[in-house]
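First comes the structure, then the notes that go with it.
As written, the chains take the letters A, B, C and D, and residue 1 is the first residue of each chain.
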Amino acid sequence: MASIELSRVSKLYANGIVGVRDVDLRIEDGEFIIFLGPSGCGKSTLLRTIAGLEGISSGEVRIAGQLVNNVAPRDRNIAVVFQSYALYPHMTVWQNMAFGIKMRGAAAAEIETKVQEAVELLGLTGLLDRKPGALSGGQRQRVALGRAIVRDPQAFLLDEPLSNLDAQLRAEMRLELVKLHRRLGRTTVHVTHDQVEAMTMGDRICIMREGRLIQAGAPLEVYANPADTFVAKFLASPPMNLIAGELVEAGGGALSVKACDEIFPVPDMHRAAYAGYAGKPVIFGVRSEDFYESPQEPHYHPVTVKVVAIEALGPENILIGQLGQTRPIEIAARLTRHFRAAIGSSVTLYVDARPMHLFDVETTKVIARPPLPVTRIAP
Amino acid sequence: MRKFGLHFGLLLAVAVILLPPLWVLRTSLVPESLSYSTDLMPAFTTGNYADLFAKNHFGTFYLNSIIVSVGSVLLALPFAATTGYAFARFQTGGRFARFLVLATQMLPPVALVLPAFAILRGVGLTNSLTGLVIVYSALNLPFLSWILMGFFKGIPVDLEWAAMTDGTTAWGAFWRIVLPVSLPGLAAAGVLGFILSWNEFLFALVLSGPRTSTIPVALAALQTSNGVQIGKVSAGVVLAILPLVIASRFIQRFIIQGLTFGSVK
Amino acid sequence: MASIELSRVSKLYANGIVGVRDVDLRIEDGEFIIFLGPSGCGKSTLLRTIAGLEGISSGEVRIAGQLVNNVAPRDRNIAVVFQSYALYPHMTVWQNMAFGIKMRGAAAAEIETKVQEAVELLGLTGLLDRKPGALSGGQRQRVALGRAIVRDPQAFLLDEPLSNLDAQLRAEMRLELVKLHRRLGRTTVHVTHDQVEAMTMGDRICIMREGRLIQAGAPLEVYANPADTFVAKFLASPPMNLIAGELVEAGGGALSVKACDEIFPVPDMHRAAYAGYAGKPVIFGVRSEDFYESPQEPHYHPVTVKVVAIEALGPENILIGQLGQTRPIEIAARLTRHFRAAIGSSVTLYVDARPMHLFDVETTKVIARPPLPVTRIAP
Amino acid sequence: MRKFGLHFGLLLAVAVILLPPLWVLRTSLVPESLSYSTDLMPAFTTGNYADLFAKNHFGTFYLNSIIVSVGSVLLALPFAATTGYAFARFQTGGRFARFLVLATQMLPPVALVLPAFAILRGVGLTNSLTGLVIVYSALNLPFLSWILMGFFKGIPVDLEWAAMTDGTTAWGAFWRIVLPVSLPGLAAAGVLGFILSWNEFLFALVLSGPRTSTIPVALAALQTSNGVQIGKVSAGVVLAILPLVIASRFIQRFIIQGLTFGSVK
């Protein structure tokens, strides 16, 4: 039951490596927040500074409004679930789960009740007398969660808790973690490098890169309005297609992007925002799912693509194709499972340019435009 | 044919390895006068053993060896554990300190024995078991620290972090989590220290007196006093090896696991 | 340039663990084949028996028609790319790549030519003097591939070569491996636990479980016609929804599946195949992408689902919902990104039952029915 | 204030550790008559060193020590490498064989020295450097095998598999891949073996004659002949430690890396 505030938090290591750089973030009470980024981006380091397991070089960390820079981990009343689970190998499941409240001096009866609650919540009955070594990966994961829950902490910090599970179990646990959060209502920080976890689990994503917080926001908002090309590529699979081109005036105040021997008309709704960049080089970003096999809407713009490969995933087909003749670039288009084409043939695809973005060539930052309306999924 | 040759070779190898200790055992159970007989077992006696205890004070020496070996391990292990842990987890002393620890192990014992004698004489601990215990602790400390460092390195730091968020201090995490998890390593290190102390000869020879000798010194005395009494010497050797054999049967598994140096799964 | 034949190949370990059990498989010359299965299913063991790195307990392995049971790995003329890459750490990239043909006694000029070819093919120029320790994960992967290519082997055996790469690089290398195979035309065996790799890379998938080969076939054919519930679940994400129910007669020769308080009419096209199972318990299998938000086709069957969670991935939304009232079960439906609903509300979805499958309750094997037509993606 | 206490404590510790060796160095460079002076450096002489070589045959002993230490390592290392590799990769001998290797290390040296003497006398190798080389090789073999086993275990089997599909035999994979990759381990093991042999006293005392003594025996002789000549002894100690210091400066990094026992990254 606590907010977490980070003010200009930096963490430099003795060898000069920067762990975290000037991070400002306020995590609301009860929020489920995701730290997303490639390995080495500082997301786990940031989590550990919140837990107090690593000191910070500068800045302030507040939990529930209280400055905790110099507060020991045990006095922060937060629980951490580690990627390795970090179960105590010499203790039984029961002892693992009871360790935390025992350390806090709880009475035997209270310990029994709390552990029992967590055991039932997580379906661990029957495993209580086993040592961690005798558990499967999924069971260990649950015990680690249980150990955190029993303590009834102010906040849960989860450090890539799903990365050691196989794909199917990972999908199940993803859902269960979300349900658990909904039930317990505790502030939760979840660190991951998995884009699917980031999109589906949290209230907000914080995307990190090289120790910096690049963008924070609701998953669909970040997805629809990436701050730069890094976010645009990282938060999707296949990544957003980024096409270097030029913004040109097309008469009558209309704008077009000239790229790869194609002219992409800029939708009128974005005209005002982009007007200042007319005549300049830009990076044109369009997501793979904004390509269609048929002109379902009148504003879709036809482009010709030479088929390089078709990845038939079952429910859908990903087309990898070359756009342009003189200096062709490779693009990915997400099409329906009914799409068929011969490798090497040319096909016409239809681009919905409304969700497009333009990025500055030098800074790689997005050129601001009014966001398209995003409906938030209730509740 | 080739297989037969292989098996024959293996049997030969086993014989070469096992025959000497078995022959020592045999000689220890045969009267002195028949020791050099080529018969397998010309007569049976436990007289050599009885003599050792009755005439050569082997009971005392045995007890001395146990006190010195166990005492030095118990004294050194806590220091070794904390040093090893500091080396494994923190920057303490840097690479140079780690090297120093190894370096002390490189000094020739012969060069150390005289200073040790001088120091012990200064505090009046020559000819005493206490003195030997202290010296052996000092001799074992670097080696034990090094082994335990390897062990502690093998324990994921996550475990300590988990304990610290669960409500322990850093010291509590060491005490409640790291130490129990490294019991096999501590046991292996302890046994190694015991064996090194049990077998040590040079320091025991110089630092102990007639009543505070340990088994190796007593064995050497048997071999040099008035000619070699081969029956008694054999019995002494068997007695010297006995605790090692007994101990190792129990902890064989432990040692092998412990001495894979730091691979706690 | 070789076919690989496995006849009743079994591999038992000394400790009684079964690595591979009675595998029969013929891999055609030039084919790209995938061994897919969860960890511990024996797929890597099978690959190693082909390479000769592990002996087999019984059966026969033939490469290019020649029995190789007792042929040493070096005389099989196959190349293996290991999951760990297994680059020789004391050799430079150039030495790593040249090692294989050097061992085969090639002349210096030939070595130079071959290595240079592979270097250009894989874009390794400039790295030749580095040691493996100074390379990134992706570069190591390329060097490992290069080392295999230089040898010009009869077949490539790839043991989870992409599993140590991050998501974006993995997607790129997936495509590059396919292109490489198309270019070199060598028989290739690719071991993976990744369902996406399996669907998109190979001519055929072999699905393994507990040492047995469960099903082999073209990816889309296996996807459309799984042999049992294991394959049905494993080869999709989210897995196929499996609903325990009963096959009942609905008058006029029509059949329905009664499950979860719902009646799912069996399409007429499957009636003949399923008639024998009328009145028996069955497992009704329907894929997540066969749920629709609107009744686009008249034969879609409406069902009411209580929304448990919506996973908004960006390009699409996965709905997790409860089907049925008395003993509800959880199903996953793959819907468009435009779908919106409140958690806890009830929504109507429309099921396309034509691709449905029924599975035997006891054996978990599929109840045979004529396959729907599957168009193969050319070429 | 607390910080000052800490630093003072650390300085004290450094002094306690470093003072004795430095004092030995000082005493070795001071004339015998002034050895026990409390002055820091009452006079300077290299006479102690010159005397050692001129009157005490230290040149010969030094050479003996080098021959014996280097020779025994060169003799033992190939056997240790192949044994360690067999233990690391194959089931060879099972757990029991591994235990036996450790067990031989547990026997008290005092119990081994007499049989060793008997065997060497049988083949006429007492008082010879060859005999010492063979005995030291045998003594070091189990330990070196054990260390190298740990090292080889740390080398992924994939590397050998890659080599074998690349066209080598199993032996070729060991020779061309495993050995070069384990050079740090071999170096560390070799240095350890060298140090153990260099410092060994008991076997050298019993098995060597007046012209085949090694440094530790010569040092001991200095200490017992007619009273302790502290200046000469100090010089001898410095000389005994010198090669260890020189060698270790070069390979410090190597050893520490090698002795993390099998963690080749």
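Heads up, the rule we're going with is that a contact is a pair of C-beta atoms (placed from the backbone, for glycine too) under 8 Å apart; a residue touches a chain by one contact, two chains touch by 3 or more.
The model shown is predicted, which means the values in this text are computed figures rather than measured ones.
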Kindly list the shared contact partners of chain A and chain C, in label order.
none
Listed by label, which chains are in contact with chain B and with chain C?
A, D
Gap in Å, rounded to a whole number, between the CA centres of chain D and chain A
56
Quick check: how many Å separate the C-alpha centres of chain B and chain D?
19
Chain contact topology under the given definition, line, ring, star, complete or other?
ring
Please list each pair of chains that are touching.
A-B, A-C, B-D, C-D
Considering the complex alone, what residue numbers of chain B touch chain A?
91, 156, 158-159, 161-169, 172, 177, 180-181, 183, 264-265
Across the complex, what residues on chain A touch chain C?
38-39, 166-168, 171, 174-175, 178-179, 193-196, 199-200, 219-220, 223, 233-239, 287-289, 308-318, 320, 334, 337, 340-343, 375, 377-379
Can you check the complex and tell me which residues of chain D touch chain B?
17, 20, 95, 98-100, 102-103, 105-111, 114-115, 146, 150, 153, 195, 198-199, 201-202, 215-217, 219-220, 223, 228, 233, 236-237, 240-241, 244, 248, 252, 255-256, 259-263
Across the complex, what residues on chain A touch chain B?
14, 48, 51-53, 72-74, 76, 78-80, 82-84, 86-90, 99-100, 103-104, 133, 147, 151
